[in-house]
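Taking it in order: structure first as structure tokens, then the write-up.
The chains carry the letters A, B, C, D and E, assigned in the order they are written, with residues numbered from 1 in each.
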Amino acid sequence: MIDLYIIKDIVSWALMVAGGIAVVAGAIGLVRFPDFFSRIHAAGVTDTGGAELIIIGMLLQAPDWIVAAKLIFIGVFLFLTSPVATHAVAHAAWMTGFKPMQGPDLRYDGDGK
Amino acid sequence: MNTFHVELSPSIWLDLSLLTMLVLVAIAMLRSRHLFAVVMLSGIYSLLSAAFFVSLDAVDVAFTEAAVGAGVSTVLMLGGMLLTARREKPKGAGRAPVALAVVFAAGAALVYATIDMPAFGDPNAPANSHVGQAYVEQTPNDIAVPNIVTAVLASYRGFDTLGEVMVIFTAGVAVMLLLGAGSVRGGREVSDVEKDESGAA
Amino acid sequence: MGRFIILVIALAALWLLLSGYLDKPLLLAFGAGSVLFAAYLARRAKIIDNDSVPGGLFPGVLLYWVWLGGEIGKANMQVIRQALAVEPKLSPKLFLVPNPPKTSVGMATFANSITLTPGTVSVDLREDAILVHALTEDLADVAAITDMGERIKKIERGA
Amino acid sequence: MDHLILKVTTKLLFAPIILFALYVQFHGDYGPGGGFQAGVIFAVAFFLHAFCFGLAETKKVLPQKALTIAMVAGLMFYAGTGVATQLLGGNFLAYTEIDPESTHHAGQHYGILLVEWGVGVTVASTMLTIFYHFTGREPDIDQEDW
Amino acid sequence: MFATAIAAVIAAMVLALVRAFAGPSLYDRVLAGNSFGTKTVLLIGLMGFITGRPDFLDIALLYALINFTATLAILRFFSYRTPKGAPAEPASEKESPA
């Protein structure tokens, strides 16, 4: 029985570390990437990969089913809303005339329409 | 009175990093002239301070700060901003040496005053040893509600809360009176935007 | 009316999972009242339709989510590699992807799936196509994204 | 295609958010939360509705007249609880009078629940009233514009 | 294990703040703010586990909701009356490619 707990802990550790790496990498991308539209992708890494991995890691450590249920709600809620918020930002920027950089040389030229 | 020392535990580092971020956000808010950015940063500020309240174990306060500070006040400030200009009037960065000196003196006095304050979490501090302790000890006997904050809010200090509700009600009534539900227009849609388009945009 | 009942059952399950107090009659009574009140407001807002109660999508959508999780993992690796690279090789691209799903909830799922997969973001939703922004040429894989749409269409048909 | 994604998501989340608000309202004695927070969350559900469908639609669901009545009713509910305890022979807001025979302070519990309900109703309706008045003065924002 | 994750989340929060301060356009700030909110949700969940009071998850759930609403509110009100075809902030397009 004790083995099961050790396995659970190891899996939790792995998920947390992977999630932590994803969160930090997304944030680094958010700072480093050259234009608004490419930063969206970096933020997406944090919102999906990072958040969900950490939440699953917490889920394995949940002391009872009620905590697990709430964690699942948070996970599903983020899963539903974060793409909507991201899309809303991108759409609003697009509608107000932001043009993304295009091509490997990162120039603002194509209109994409 | 036995002495009480605070160790530099990991949670202290957490608090310190949250507080540092709070100060940074506050400075950024001061320096920005774009009102939308200020509102957004104040939302971030609320989220951060609520996270700080969670780390201080003040769950109910954090709950309120998250709901009211980050949610409703952001929305209401934005709604209010539609009725006015979007940018703060640019003011030259003035130099006021007297004011600066006063601010520094007051700040130094406050910092000096903190030296006498009881340590963080000290059980002998006045806040923890009189009223607070009485509430914690008596709630199970008097009210038998698991959440002591609710017991204090709604029962021990029911009058205060009635006053608070009255304040909120008054705010609502004031907005209704100022913005027209009770006016001669009878709350009909007001469209005075076209006229001051140039002034507002 | 059928949708209303499904919504009430789903909300009741949500209440029980949130509350966790199954042995206090007072709270259960409040729960019953709350569920009915929330469902009544939803009906008053006239939003009980296939979008808010997409019963038809179940259970296919659960399998789809598992598959999507794998895709998200793969795409995450690529974006993280770009973010941590010493010299990121970005080649952003805007392109149109056909939009196979027919119902509005299917289209929304499709657009959200594109956004959820890091490296691609749905920028503009049009009648029959979605404008997508991709981080690199590799990620701008129209065939793979269309395949994702076809999967959602298949789930819709099962409805 | 005016914000289809937002509309679908809001439709999906609307009823659960209201339920969450009521959960916070009624579990104030057991965990964090209470009337103030619940009222605000309730209002947030309608803010979302207004963002996605326009303020005119939201006003159809929850008209200003109903909110005005609710504002007063909530406050009266709170004060009325106090008056009721007076009529039962106690002091203003002395909840023990609601159920004096109870050995486990049921009167206090009921009193707190009643008062919190008054708080929740007042806060929710006031927040929505302020929101309606702030945003209702502008012509509605076109769905294509954001 | 929770402490490790908290450290990572705090580091990411600082980076998101950098982007929120730097801008250059309001959309960058909104994006950073939204991302910051997601990290706060994670932070509060993790803190609940560390202090052994998982009822904090209610707060985390509320945060996720508030963060979503606030983001939509800023977008909805900001785009309003911004002339189409013109960048929201003149300086934003002059940013030099990295």
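What to note about this one:
In the analysis below, contacts are C-beta pairs under 8 Å (C-beta built on N, C-alpha and C of every residue); 3 or more make two chains touch, one makes a residue touch a chain.
Remember, predicted model here, so these are calculated numbers, not experimental data.
Separation of chain D from chain E in touch steps, taking the shortest path, is 1. The chains touching chain A as well as chain D are C, E.
Chain pairs C-D and A-E differ in how many C-beta pairs are in contact, and the one with more is A-E.
Chain nearest the geometric middle of the protein is E, using mean C-alpha positions.
Chain geometry summary: the mean Cα position of chain B and that of chain E are 19 Å apart. Chain centres here are Cα means. That of chain B falls 35 Å from that of chain C.
Put simply, the C-alpha centre of chain A and that of chain B have 29 angstrom between them. Across the assembly, chain E contributes 13, 30, 55, 58-59, 61-62, 65-69, 72-73, 75, 77-80, 82, 84 as residues in contact with two or more other chains. With touch defined as above, residues shared between interfaces to two or more other chains in chain A number as follows: 21, 26, 28, 32-35, 40, 70, 73, 80-82, 84, 86-88, 91-92, 95, 101, 106. Residue positions 59, 62-63, 67, 71, 75, 79, 82 of chain B are each in touch with at least two other chains. Interchain contacts (touch definition given at top) occur between A-C, A-D, A-E, B-D, B-E, C-D, D-E. Partner chain D is touched in their complex by these residues of chain E: 55, 58-59, 61-62, 65-66, 68-69, 72-73, 75-80, 82, 84.
For chain D in complex with chain C, the touching residues are 1, 4-5, 7-12, 14-16, 18-20, 22-23, 26-27, 30, 49, 57, 61. Chain D contributes residues 24, 28-34, 36-37, 40-41, 43-44, 47, 64, 68, 71-72, 74-75, 78-79, 82, 92-93, 95, 104-105, 108-109, 111-112, 115-116, 118-119, 122-123, 125-127, 129-131, 133-139 to its touches with chain B in the complex. Looking at the complex, you find that chain D touches chain A at residues 3, 5-6, 9, 12-13, 144-146. The touching residues of chain D, counted against chain E in their complex, run 6, 17, 20, 24, 31-33, 37, 41, 44, 47-48, 51-52, 138, 141, 145-146.
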